[in-house]
Structures are given as structure tokens and as C-alpha cells.
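Once you scroll down, you'll see the structures, which are given as C-alpha cells.
Each of the two complexes below includes chain A, the first together with chain B, the second together with chain C.
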Partner chain A sequence: MRESTRRLPNYTAPMIFKEVAGMKKYLSFFRLSFTMGLQYRAAALAGIVTQFAWGFLEILVFQAFYQAEPGAFPMTMSATASYVWMQQAFLALFATWMMENDIFDTIANGNISYSLCRPIRIYNMWFSQSTATRVSRAVLRCFPILIVAAFLPENYGMAEPASAWHFGLFVLTLVLGLFVTVAFSMLVYVLTFFTVSPQGVRIVFTSMVEFFAGAVIPLPFFPAGWQKVLELLPFASMQNVALRIYSGSMSGAQMERAVALQLIWLAVLLLLGSGLCRLAEKKVTIQGG
Partner chain B sequence: MLLKIKGAVRLYWHYLSINVRCAMQYKTSFFLTALGQFLVSFNVFLGIYFMFRRFRAVDGFTYSEVLLCFSVTLMEFSLAEMFARGFDLFPEMVRTGSFDQVLVRPQNEILQVLGSKFELTRIGRMLQAVVMFWYGVSHSGVDWSFSKIATVIFMLIGGCAVFSGLFLIYAALCFFTLEGLEFMNVLTDGAREYGRYPVSIYGKKMLLVTTFLIPYALVQYYPLLYLLGKDSRPFLIYVPLLAVWFLLPSYALWRFGVRHYQSSGS
Partner chain C sequence: MIIMEHVCKSYKIAKRNAGLSEACKALFCREYEVIHALSDVSFTIRDGEMVGYIGPNGAGKSSTIKILSGILTPDSGVVKVDGRIPYKNRMEHVKEIGVVFGQRSQLWWDVPVIDSFELLKDIYSIPKETYHANLEELTELLHLTELLRSPVRQLSLGQRMRCEIAASLLHSPRILFLDEPTIGLDAVSKIAVREFIKKQNELHKTTVILTTHDMQDIEALSQRIILIGKGKILLDGTLDDIKRGDAGIDETVAELYRAYDI
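Here is the complex of A and B:
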């Protein structure tokens, strides 16, 4: 069967079948990591408490600035509050510092050799695993935070989405943003192939990304010139788009451009990451013994 | 008694020197981690910087005054983390059962836990705090006098005590449960992150809580008012020292935990 498909130049039924079967492998990697992630319930509860406190204090900071100079505020207070709560609720989707330690370990201790023997693409396997971990963490944490935040008074809690259309777009950009984030962290994993000590690469990458992605302060709070440049970078395609679309603080043209940029950056990061990964697989040196 | 203290201090120095030599075996790793510490809190600084490009003041505090506030909080925290980090790794000690070894030795167990780890890489954070402090001091027009220098020193002592007390509570809770203790990060990391602004901006209730329950305000807000000349009542100089009381309940909880400790690990 395999022999025959190899000789055929064009896409034929068996080959498509093989492709689907190939997808299935990665779906089961996704499922495995997802169920594994769901097991950490105590950690999730502690995470919820932490995220609540963080969100609450963050909003109080913004409130204090708002009261000091309402005119200088670049978003409405209610949009800012929604931004902060969603940032806390979906932290696990976008936090670049939350990386899979297992992956770093398999590279450092040489266990990667087992995965290299299997008929799978390392890149796809890691991609589906880290997506699953992030989604499972977010699923455990987001609902309590969102529900409570929805009942808080105006300007402190979550507002409703600007419209049904905005909400639909929010969901789409949330997923795209997650993929961009994972694709970016894949670059860090792949780069570890080339430098055995991942610490340096990781620290520089994550702290830079956090800031440029709008995790410290939302991008509209940057000076205009900075904001223009930052919006074009891949980091702005992570959490920034979805969280701002939700509360309607982007105009129609801005939204179109943001989604287009998300798609472009996702394609670029995927190509770059999988290309580098193939290169690394070819010249890989197995560590450990 | 005096001899005992002398012995303890000597042992503490010995622990410290072992840790320094140990860290220096991996110099690159040490400097990279220190750099990482620097970068992480540098993000917080950048956040403040960009907020103040847009706003002139928050709750009556200007940019340089906020930096002064943040730098002192960061110094307090880094000092506590450098020297009381052993408590932070305490869950591991309980999990693996190596706390049993500590208990059978004829030395104070707190001293041994403290000595088990010094996180000297926090020097990266400390360095940043010092630079911000220097900037804050030179731009917010603090009128230096003997009493103001004393205030800063007392702030560092008091703040270090508050954070060490929190680390001690964290360690003491490990005797009862090892799960879900991340919530303590709200009180430690949270205080470092949000202590960048004077406590008063979070509202009256928060000020009350941080004055009487967990005394952050005693080591941050009140003495800051004195430093900046916003309030000149002299008792504010000594307020940070009051925060040292926080070590008492923390220590009591620790003692309670030790007494109820049932060995674990294998």
C-alpha cells in the first residue's frame, strides 16, 4: 500500500487517507496532553485565586490613573477593565513564559532520540502538545474568573461584548492568537537544539515578548509612535487583537488589518519554525547517555 | 547565650560562603539568571515609564516619586529573597524528606533551612532597584538629612522582615499541605509587582489591610510620605520598624507546624 502510493505522482485517494491518518496522530497527542493538563486541579484553583488578585489590583491601578487624568486615557475604563479580566482568564493561552519543561528536558537529556525514531514530525507533535496544555489550563481557569468578573460593577468588571459580530471575531482572533503564541514558543524550543542551555534564549525571548504583546500595559497606552511599530510586530498578534476586539476598541479597518497580520505572522512563524526544526533534526546531536 | 549566637552567626557565614562558591562553579548560568532577574523587573519599570509618558501623576505622586517607591519595595523584596530563599524551596525539602535530617541535627532548624539556599542571582534585581533609587532620589528633590537616611534603612529592615515573614508562613503551610500553595505568590510576588505604586492608590480599604493585617504600608507608604516631605511627623521614621512584629505570628505558625510535622518522603 505504502509502496504504491509513493510511486503515484498525484494526490490519490490512499494518499489523502494517509494525510487524514497523519492528522489523527497529532489529534491524539493533543488529546493526551489535554487530559493530562486537566488533572492539575489544585494548581488551577490556586491559579484562579492568584489571577483574581492580580486582575483586581491591575484594575485599581488603572482606576487610579483614570481618576488622576481621565482625558489622557486611551481606552474607555470599561474596555480596560474587560481587557484586564480577559487577560487574567486566558493567561494560560498567551503567557510566553509558560513553556513545556518536558520539551526542554527531552532535548537536554537525550530522550528526544525516541521521538526521532517514530514516524512523526517533531514539530507537529510539539505544536499539538503545547496547544493542548495551554487550552486545558485555560479551560480550567477561565470560567470562574469570567463569571465573577461579569457580575462586578461597571468599570470594574467585564462588560458585554460590543456586538455579536465583535464576539464572533473575538473567538476567531483568540484562536489565531493562541496559534501565533504557540508557533512563537516553538521557535524557542527549536532553537534549544542549537544551544543546549535554553535559559539564555528563553529569558530574553519571554520578557521581551511579554512587554511587546501588551501583557504589561495594553498597547494603546504606549506613545503613538511606539504603538504604530508595535502593532506590526508578531507580538501584537498574540493577545492584543482578541482582547481589544471584544470591547470594541478597534475600528473596522483596524480589525481587518489585525486579522490579516495574525494570518501572515502565523504562516511566517510556522514556516520558519518547521524549517528550522527539519534542519535541526538532520544535524541533531543526542545529549545524555 | 552569647556564645550560642556567635556560633549561629559563624555557621550562617559558613553556609553563605558554601553557597557563593557553589554558584561560582556555574558562572555563566549565574550571570544569565541574574540578567533574567534584571529583565523581568525591567518590564515592570518600562510599564511605569510608559504610563508616565501619558499621565503626569497618580494620586499626587509623580514619576520619580513612584520610582523611589518601587525601588525601595524591590530592594526589600530582593534582600529577603536573597537571604530567606531557603523557605521558598522548603516544599521540596518536605517532599523528599530531607527535613528529617535537619531535625536530627543539634542546630536551630530555621538557621539550617535559611542556609540551604541563598539566591544570590537576585543581585540583578537589586542592581536595578539601586539605579532606580538613585534616579528617584535625584529627581524628586528629597532633602537628605540624618533622619531621612535612617528612614530608608529602617524601611529596608522592616520590608525585609515582612517578606521574610511571608516566606516563613509559606514554608510553615508546607507542613499541612503541599498542594495549591501558589496562592501565597499573591502576597509575595503580588506585593512586589503592585508595591511599585504607593499603597494609597489602591484605596482606603487596601490601606487599612496593609497597615494592620500584612504591614506592607508600614514599610512603604507611610515612611515614603516622610521621605518625600508630604508628611513631616517624626514618628513616621520609626513606623517601618513596627512591621518587624509580623515575624512573631509567622514564627508561631512555623513552630506549630514543626511540632505537628509527620515525616514524609522516602
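Here is the complex of A and C:
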């Protein structure tokens, strides 16, 4: 009698439905990781406090420089303050040192074998997982910072976006920047397949990113020659574009070029990462019995 | 139908002696030892069969399971599962199999069991009706009603293992690989798991391949035994073939290990 209650799944759906269903599993992954990320309230509170302290500190330092020699400033003080607060509010989207320890663990202890036993692309799975974690962290942290920063006096707080058009472009480049950041950290995860311990690759990658992405100081503050090169690198396609577009410190042509570069780097990083990942899946040794 | 013909797999393992000077030497010149996990392994398993795959630790049981489930690529030999080559087309292959690694967990640690099940439903694209029918049946047979809404980290090992087994059967796989499913379980849980596996095989004709060190598992479950030692198949037969007189199953197997010097 029970025989009839178990039916075999029907795999004869037309191709188009298959594609949609193919996306659906990664969306479910996103959803689960997102809800898991929302659980960590204490961590979020601690993060908010840190971000406030760090933001004020940075702005005071920039203020000191600005008052000494306003003419030498490559950005206006108000744009710089907006940059700093946006950066603090959306830190979780772009901080490459925040990585998924789960992923490193699953490679090091061999639990990855379960993921490999499922009809799922490891690369896509990790990509949606890390995107979800970053978004959930940012959602928990950004609002208090944005609200307080909006009410701070001029040159200390966050200004309104330069225009509605700038704001739209800001949102677009924020999302693109997030994807570039995730695609970049995916390289670290995938390389861990080959090195087992993530420490080495991780330290080199994250220190490089922090400096070159404009996380320490905005890219316009670098010497002109440096800046020209840095703007072409993938690191500039992370937080740099969105934060500068919001504050209106990029010209029209600069913005077009920056978005184009974001798209190009995203494509390159995705291809490289997923290619390496497939290679790793074939060659990998599963650790542990 | 599962076919393995002349399958070989070896690993390279870095080795060194104890001590600081040895560790420094290993920085420049590393010594490797090649371990033959599987050498010339061949067997065939028909649909609906239930096979116990036994052997001492490090004999190559897990390597075999990993090759059959498409995680590892063998160095040489032919592997076919229902006509598919597992490691060539992993995505197509794994849709049709279920795997349980007794020493690992496939459920998401911090969320209720049912969340993991829902995610698996999307991962395998299981149609709604199939999912609900399967879930209902598995819940009943494995007594999961009370467990589904608890976070995985708060389940006991026995409870978790029942959920793990259910998780690997939600998509109605035709073949089920169980790698030490009863490891660390108490008597009640062991018997529950055995009963369930038996029923699963009878009701749905699921092919079951089971590795274990618990000979009672074998006695309760499998008509056929494959014994592997040092990467080679040493024996392929029934339990009655190896039993001598009144000796218990553990003594019989220990005798067997001694006879083959493994």
C-alpha cells in the first residue's frame, strides 16, 4: 500500500523550466544563509559600535588635514565624510577579511563531500552563500549608522546624494561592487582546495584588497600616477565606485568607465573562479576518512 | 546496476620523521609515499541488492564509496552506475543516488531540521507532491515528528542520524550508499536504523551498499558480503559462506581478517 505513496521525481519538464528550477536552488541557498545571518544580533550591535567609533576617528583625521590645507584635498570635505559613513554602513558588503569560515572548514575537514554528492555547482552555492551573509550583515548594521550620519552637521555627517540619477547609479554600482568582492573572495575559497590551509592566500589577498580598494583611504588621495593604475585594477571595482558616485566626486565619463570596468572585472573573476573550481572538483582529495 | 572493473586509486602522502631538524629538511625535500587505496577492485551489484562492504580501517571502503558517488576520480579502471560514469557527469549522477556518511553531517547545524529538508527539496528539484509524500513516509518510519522543528545542534547522535538518513532519501534515489551509518549509536537507535534500511530496500527496491564495522549490521541486513583488505577484494559471497559452525559473527570476521593477514 505504501508502494504507491513514493513517486519518482518527474524530470521530463521542458528545458526552460529546468533552467528556472536550476536558479531556484541557489536562491534557496541565499534565503537560508540570509536568515541564518540575521540571527547574530549581538555581533551586529558590536559591529555598529565599532563602525561608529571608526567612522568618527577617520572623519576627525580628515578634518585635521582639511583645515590645514583645504586646497590640497582631492575631494570636498562633505564628499569625504559621506564616503566614510557609507563605507562604515556597508562595511559588511565589501570587507574581504570577513570570509565564510564555514567554507574553509568544510574544505579542511572534508565535509565538502556531502556538497559534492548533490546536484549543485559548488561555485554557485558558495557564491550565493557568501552574498547572503554579506547582505544580511549589512542590513542589520547599516540603518543606525545611516540615520545618525544623516543628522550630523555638514562636513561631519552624510550629505544627500548629488542627484536622483547619482543615487540610482549608486545602488547599481553598490550591487556590482558586492558581486566583484564576492567573486574575488571566491578565488580565495577555491585556492584553499589546493593549499588546504587558507591562511597564506587569505592574508595576501585581504591586505592587498584593503589597501588598493580604497578601504583605508579613498583612491583620490593616492598620488596621481598610482591612482591611474589603481583605478584599472579589480580592487577599484569593489567599494570605490559606489561610494564616490554617491558623493558626486566622479564625472560622467569617469562613471561610465567605472561601471564598464566593474562589468569586465566581474566577468573575468567569475570565469576564472568557476573554472578553477571545476578543476579543483576533479583533482581534489577529500580530507579525512 | 553497479559495475566496478579493475579500479585503482592511490594517494600521495607526505611523510617525515619527528623533530625540528626533520621538519626543516622537509621544507626543501619532501618525501612522499604512495598509498594504494584500491588496487584492481572489481565487482558487480544488481538492482535492489543489499550489500555489506566490510574490511578493517584503511582498507579502501570509503574510497570505493567516494568513487561510486562521483566525488573521487579513480586512477584507472571502469566504473559504471546504471550506465553512468559517476565522476564524468557528477551533476546527472548524484540526482539518482543518496549518500550518508556516518561521521559527517549534511544538515545545516544552526537551523531546524525541516529547513535543511526544504533546501534539499529545491536542490534536487523534487516536485511538491513527491516531497510531501516522501517526507510523510520518512517521518512515520523514522519517528521524526518531534525532531523536525529542533535545531540540528540540539539533537542527540541517534536522532541526528535518523534525520540524516531521511535527508538522503527525500529525492527517492535508486541507490543508497551508507558509510558507517550506525557508528556511535546506542542499541535502540541501531535497531531502528537497521529496521528502516531493511524496509526501504523491501518497499522501494532501493539498492543499498553499506560499509560498517558492526557485524550485527551485516547479520541483520545483507545477504551478500564483499570483504576488502589493503585495497583488494578478498571475498565476495554470502554470510553463510564464511560462517563456520557455531562461531559468532564477530569471531568469524576476526578469523577472516587473520586468515587474510589484514
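By our rule, the second predicted complex is superposed on the first by the 276 of 289 C-alpha atoms of A that agree within 3 Å, B and C clash if a C-alpha of one lies under 4 Å from a C-alpha of the other, contacts with A are read in each partner's own complex, and residues count from 1 in each chain.
What we mean here is this: a residue touches a chain if its C-beta (ideal position, glycine included) is under 8 Å from a C-beta of that chain, and two chains touch if they have at least 3 such contacts.
A quick note: this is a predicted structure, and the numbers were derived from the prediction, not measured.
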(request) Quick one: classify A:216 as touching chain B (first), chain C (second), both or neither. (result) first
(message) Once chain A of both complexes is superposed, is A:25 in touch with chain B (first), chain C (second), both, or neither?
(response) second
(request) In the overlay, answer first, second, both or neither for which of chain B and chain C A:164 touches. (result) neither
(request) Look at A:43 in the shared chain and tell me whether it touches chain B only, chain C only, both, or neither; answer first, second, both or neither. (result) first
(request) For A:116, select first, second, both or neither according to whether it touches chain B, chain C, the two together, or no partner. (result) second
(request) Spell out the part of chain B that touches chain A in their complex, as residue ranges. (result) 28-29, 32-33, 35-36, 39-40, 42-44, 46-47, 50-51, 53-59, 179-183, 185-186, 190, 193-194, 197, 201-203, 206
(message) Under the definition above, what is the set of chain C residues touching chain A in their complex?
(response) 11, 57-58, 62, 66, 69-73, 87, 90-92, 94-95, 97, 99, 101, 103-106, 108, 110-111, 115, 118-120, 122-127, 129-130, 133-134, 136-137, 171-172, 203-204
(message) For the complex, give me every residue of chain A touching chain B.
(response) 42-43, 45-47, 49-50, 53-54, 57, 60-61, 64-65, 67-69, 72, 74, 197, 199-200, 203-204, 207-208, 210-211, 216-217, 221-223, 226
(message) So in the complex, the part of chain A that touches chain C is made up of which residues?
(response) 2-3, 5-11, 18, 21-22, 24-25, 27-29, 32, 35-36, 39, 110-111, 113-114, 116-121, 281-283, 285-286, 288-289
